[in-house]
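Note that the chains take the letters A, B, C and D in the order they are written out, and that residue 1 is the start of every chain.
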């Protein structure tokens, strides 16, 4: 029952939010919903509940990790939103909170559904729930952004649906008892899946979920969207949406691996991963718009996730861990950048230079984010990237490892040059924007602490969950 | 430490001012002049010692200490060379490094003294001095490496001892090259023609002499003596390489050393009278040639020792 | 070990005190006392270990994969720990008065805090016995150093230098991460013990590990050609931080290399030769570039490159000795490297502190705008002179001792027939020494001697005791090691034996090889000092009875010599650079009557930046990929789909079903 | 009954061609509405012995794909006075040829694929063909509304494939899918409406300000 609550509570809250009038009431409502969800997640984490709907809705380690990540990130977003909505007067204010909560519901559905079609439904729902938020500003640019976002990800997701049906077709030869499209049964009777259909399904699902993750060359919507969306929406997309898409990809990877199609899928995942890294690097080093910068950084990290899945072994563990870290770090970065934009009063690249000289706390957090996102010890991403790197060496992919390291160096230069300029560049005489705000500092601060903690301390339960998740992906923990 | 070693050092201290004199005399004779007496430098020194000194207001204590340090370092270096052929007063593995660096210390302080005056002439001299030294140093060390390799000993006393004498017959060409390069280094370190010209009196062309323009009285005496000591020291070193005398009893070895030094001084005189002074730009070339010569010697020796 | 961690805690408390205590005086006092005490406390176990005692390891059960976090102090760690603590304490004490004037417009408290954490991180780097804590401490050290470098971040040059530093160090860290990731997955654990146990499994006798190590640690050590970040950063940082960075931080690269060799065992031959060659290049090029500098601190920074070269000469010959089982050569080489690391830490930080004093007093770092400071800042001048004599490697100071040990190793390699070509390192080292002499003659002469060239130099006044004190302590250390080498050489030999992996017997061999020589060096040193002092005294007596007149400097008949006629530093270096410079990419030009040397860094300006521009241009050329038209984006998507379908088809052709 | 199904499938393909070939936006929308209707009828034809599940599916499909969405799209374009599709990137005759090629390819591929049992043999090729035509339309047309139509056709193709195992994929999921498509198109319609208001035209190629 808890499982359903996880989905229904935010859904109902979303409806309720659209009923409420005035942000003064809506923001507490949002906080309430977020915290309730977090509490529910804690509850299910402590006492694993029984699957419902004959196994379509269930909770396994992988799902739990994603669920917890999204829920935590969402809580931070809610906190940030309190300080943010206080400032941003915008026509979309009404639907804003509702859409946020709707996204949470959809994401929970994705995390909990062990039925591929249901997962697809949830994923599409997340896409749609975020669309109005991107259009928050109601200007031409955000209009263009949302249009591209909608069309590209809708096409991708449609192809994913085709992939789901292929999967069902592949399962046709299964035993009569097998529940169609249910992950457990797909894996249990993997040997009886039709290889050709399975592989075709994987191709379409990879394109579909890859589009939503933002793997190159399907990443094209990302910079535009992240660049235009409000920063907390950017956080939610870069941290939450991507995690959900990654979960989809991970599940189908698990099925394919179980079915012995590993040799078929690994090159694909590695290829897309490396390509994403290359593209991200190429666009990072000439990027002036900070939000677009973060978008390409997100492409880079999605590429890492793909590589981790593709290399398998400890890489799978690294990928799941990296999914968590990426969510936290992206949240942190988007919040800090959001503060910078508010401080400068505009998102124009020129104006942002030195914006955080006058907002040192946010500046500090942005720097933490910079070093965390570039995988410097002792932050969380370092551990996960370390694991992936080790897996690459272990699997003998020396060249991929070498390319990855070279690209890391290049990417670091791109990110550092721009972000350091924002933090202590020459301050630009711009319209004096908004100062710091406890809510808008609390959220990134908490995330910073989290990402630092994950770098030096992985709690036992989390580690077990990661190991189990990696196990389902045909890998293992170090 | 043996009495002969001490005696040898004392003797070198005494005869040091002789060397420039002999060189000058030779030069004069070859030019058909009578030239200044061989003992000229002694008279100069004693006269200077009685003179008072003039100090520039710009100078600091460095200017006063430098001359003393010059003599002191040269003296200390003397204690490291086995003048009696057998054993130096102070001998230890790798003492040749100390030898070279002691002389370098003296040079360093003298250069600082020159810069202390703030005179552009002395600055120029100092600049040239360090430049020449920078080229001479590798050659000197290569010569040391050569004798070390030839003898298998790592201290000067050992390297210039019996083992070297034993090496001569087998490795004559290599050691000869080393000796020649050492002689070239001597010319440079002693600031003689073709590198420098002590006799000239046009400041713009001088190196060592212009560096000490402001020194006067006792300071100048010390500087001159120090230079002379350095020169004779190199001469002694050269003698040690060319004619290892470890076998000889001290009573024979010491006269032999004197004779050798005189020969070296005459050689200097001859060189000075037959060659012209090089343009400053060519000096590096000259000394690089010395290094190359020594390096060749080392290579030959290594090739010999290896197989 | 507990004492050590107590020291670390004290350091951090000191930083906290500097940051938090309300009243300025209290903050400064608390910082100085606590941080200084921390250094002392942390150094104590190190000294104990160097004296031959053993310190128990500390093992913390790790909460992250990769095995426990182990901390330990063996001679190698101890040796470097002493360096960290000594220089750390000096720069802490110096920093308080040095930054006192900055309070108005900069966050000095934060700077002090960062300094304290930096020292703590350095200490942790050398005691870490497991890859995770090592990397963490390493990165903390590197990144904090960045923030200290950009202390004056409002200056664009400083920001640029900081960025280049950050890029350099991060690239190095990446190499290290790769190193441990590769080694760790082979060893199945990340504790150094596990790594060492797995060393025999490394293919090609650890070629990859040694390559990555040389790259990663080389970036930190600043060896040519990986030094390009160094001069800018060390020049831009506040002087006491420069002292810390030049004295200690870059030495962590040396520590890393030594530790690597300790863990893996004798490196392959090519590595030894490579290190030797790199050392030679770093030494010669470093000092040549230094000769061409006009900025006092940049000049000192390039001398760090030079000295790293000397250290690498020792390291390289030691590696060769170890490979060709000539234990004495190995021990002497490694020991020489370690010892020179210590000595360079002492005199280089001393020199940077002196430069800081000059900057503090005159407000300029331009050598050719200074002069005549010897009269105005006599104590600083004395300390600086000691440092200069030491760095040039002249007796009777410590620089001579360590160079002498390196010479020993090089000369003894002649007996090891496969490695005997290494004796030519002697000539290289001699050249380096001679050039360094020239360079420091230039510095001392132009900055301290002669007459002040500008009013800034005219107005220079001696700095306070708070800044002089640390300088004199360091100077005293230089003198002591110079006069009584055994105190430093014995522990260095222990380190060498550990790194060479030849056990204590070799220590005794090494000692037997050098101990008598060292005693004689002591005799020589004392004799020299005594004779100079005595001679000077005698001269004073003698000159009493002579007339002494003082006048203007003799201008060879020219009546009115002016300050502008003094030889400038550029002119002083001109002849040497004219001869050697072209090979090092230094031009010397004569513009309106004055020499000008144009120091451009061969690597940074000729290699790194052009490469980067090339890369950027490529990136710009591919930007149109993201050209904004939706249908093109959809075409990408379709393209990807079609490609995958083709791949699928090919696969299906193979798998017949 | 299979004949009927075959006929319906053919009609589906033809309606796609209709949408592809016409220059009139309204005609496009009408064509896709017709296609929705056919899709709604198909389950009945394919599974004559279908229970409430099939019927519900049919009704829902007709409702969403044939009635609501087309009307909504018409509303969305009403403000814009444009009736004709301005120069598509690929001319109409060309697009038709491409379409034919696509259909051929679809048949070729599906002939090599092992057919899922208990599915009509023309179902898979028809589905693939529709998907391809939809994609083709989506990429080549520059008018927002027509792109939405293309997306609908694409979705219809996928949906068509979904019919291969109606009873394996449970009802709830089908509804979810329908709902998603509905909302997606709804939001797209809103955006189209805004585009129309902002740029005074439905031409989405104005939307190329965001780029690197």
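Assume a contact is a pair of C-beta atoms (placed from the backbone, for glycine too) under 8 Å apart; a residue touches a chain by one contact, two chains touch by 3 or more.
In this text the structure is predicted, and so the values were computed from the model without any measurement.
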item: Where chain B and chain C overlap in contact partners, by chain label; value: none
item: Chain at maximum distance from chain C, centres defined as averaged CA atoms; value: D
item: Pair with more cross-chain C-beta pairs in contact, given A-D and C-D; value: A-D
item: Chain A and chain D: spacing of chain centres that average the CA atoms, whole Å; value: 30
item: Inter-chain centre distance, chain C versus chain D - centres from mean C-alpha coordinates, in Å; value: 69
item: Whole-Å gap between the CA centroids of chain A and chain B; value: 77
item: Centre-to-centre distance between chain D and chain B (centres being mean Cα positions), rounded to whole Å; value: 100
item: Numbers and ranges of chain B residues touching at least 2 other chains; value: none
item: Where chain C touches two or more other chains at once, by residue number; value: 623, 625-626, 628, 630, 634, 657
item: Contacts with 2+ other chains: residues of chain A; value: 147-148, 151, 155, 159, 196, 200, 223-224, 283, 286
item: Those chain pairs that satisfy the touch definition; value: A-C, A-D, B-C, C-D
item: Residues on chain A engaged by chain C in the complex (per definition of touch); value: 147-148, 151-152, 155-156, 159, 195-196, 199-200, 203-204, 206-207, 210-211, 217-218, 220-221, 223-224, 264, 268, 279, 282-283, 285-286, 314, 371, 374-378, 382-383, 385-387, 389-391, 393-394, 401, 405, 408-410, 412-413, 416-417, 420, 424-426, 455-459, 463, 477-478
item: Chain B residues touching chain C - in the complex, by the definition given at the top; value: 50-60, 62, 64-65, 67-69, 71-73, 75-76, 79-80, 90-95, 97-98, 100-102, 104-105, 107-108, 111-112, 115-124, 126-128, 130-131, 133-138, 140-142, 144-145, 148-149, 152, 154, 203, 213-214, 217-218, 222, 280-281, 284, 291, 295, 298, 302, 305-306
item: Chain B-touching residues of chain C, taken from the complex the two chains share; value: 371-372, 374-375, 389, 392-395, 400, 403-404, 407-408, 411-412, 414-415, 417, 420-421, 423-424, 426-431, 433-435, 437-438, 440-441, 444-446, 449-451, 513-514, 516-517, 520-521, 523-524, 527-528, 531-532, 535-536, 539, 542-543, 546-556, 561, 563, 565-567, 571-576, 578-579
item: Residues of chain C that touch chain D when the two form their complex; value: 623, 625-631, 634-635, 638, 657
item: Interfacial residue positions of chain C with respect to chain A in the complex; value: 63-66, 132, 135-136, 138-140, 143, 150, 153-154, 156, 159, 162-163, 166-167, 170-171, 173-175, 177-178, 180-182, 184-186, 612, 615-616, 618-620, 622-623, 625-626, 628, 630, 633-634, 636-637, 639-641, 644-645, 647-648, 651-652, 655, 657
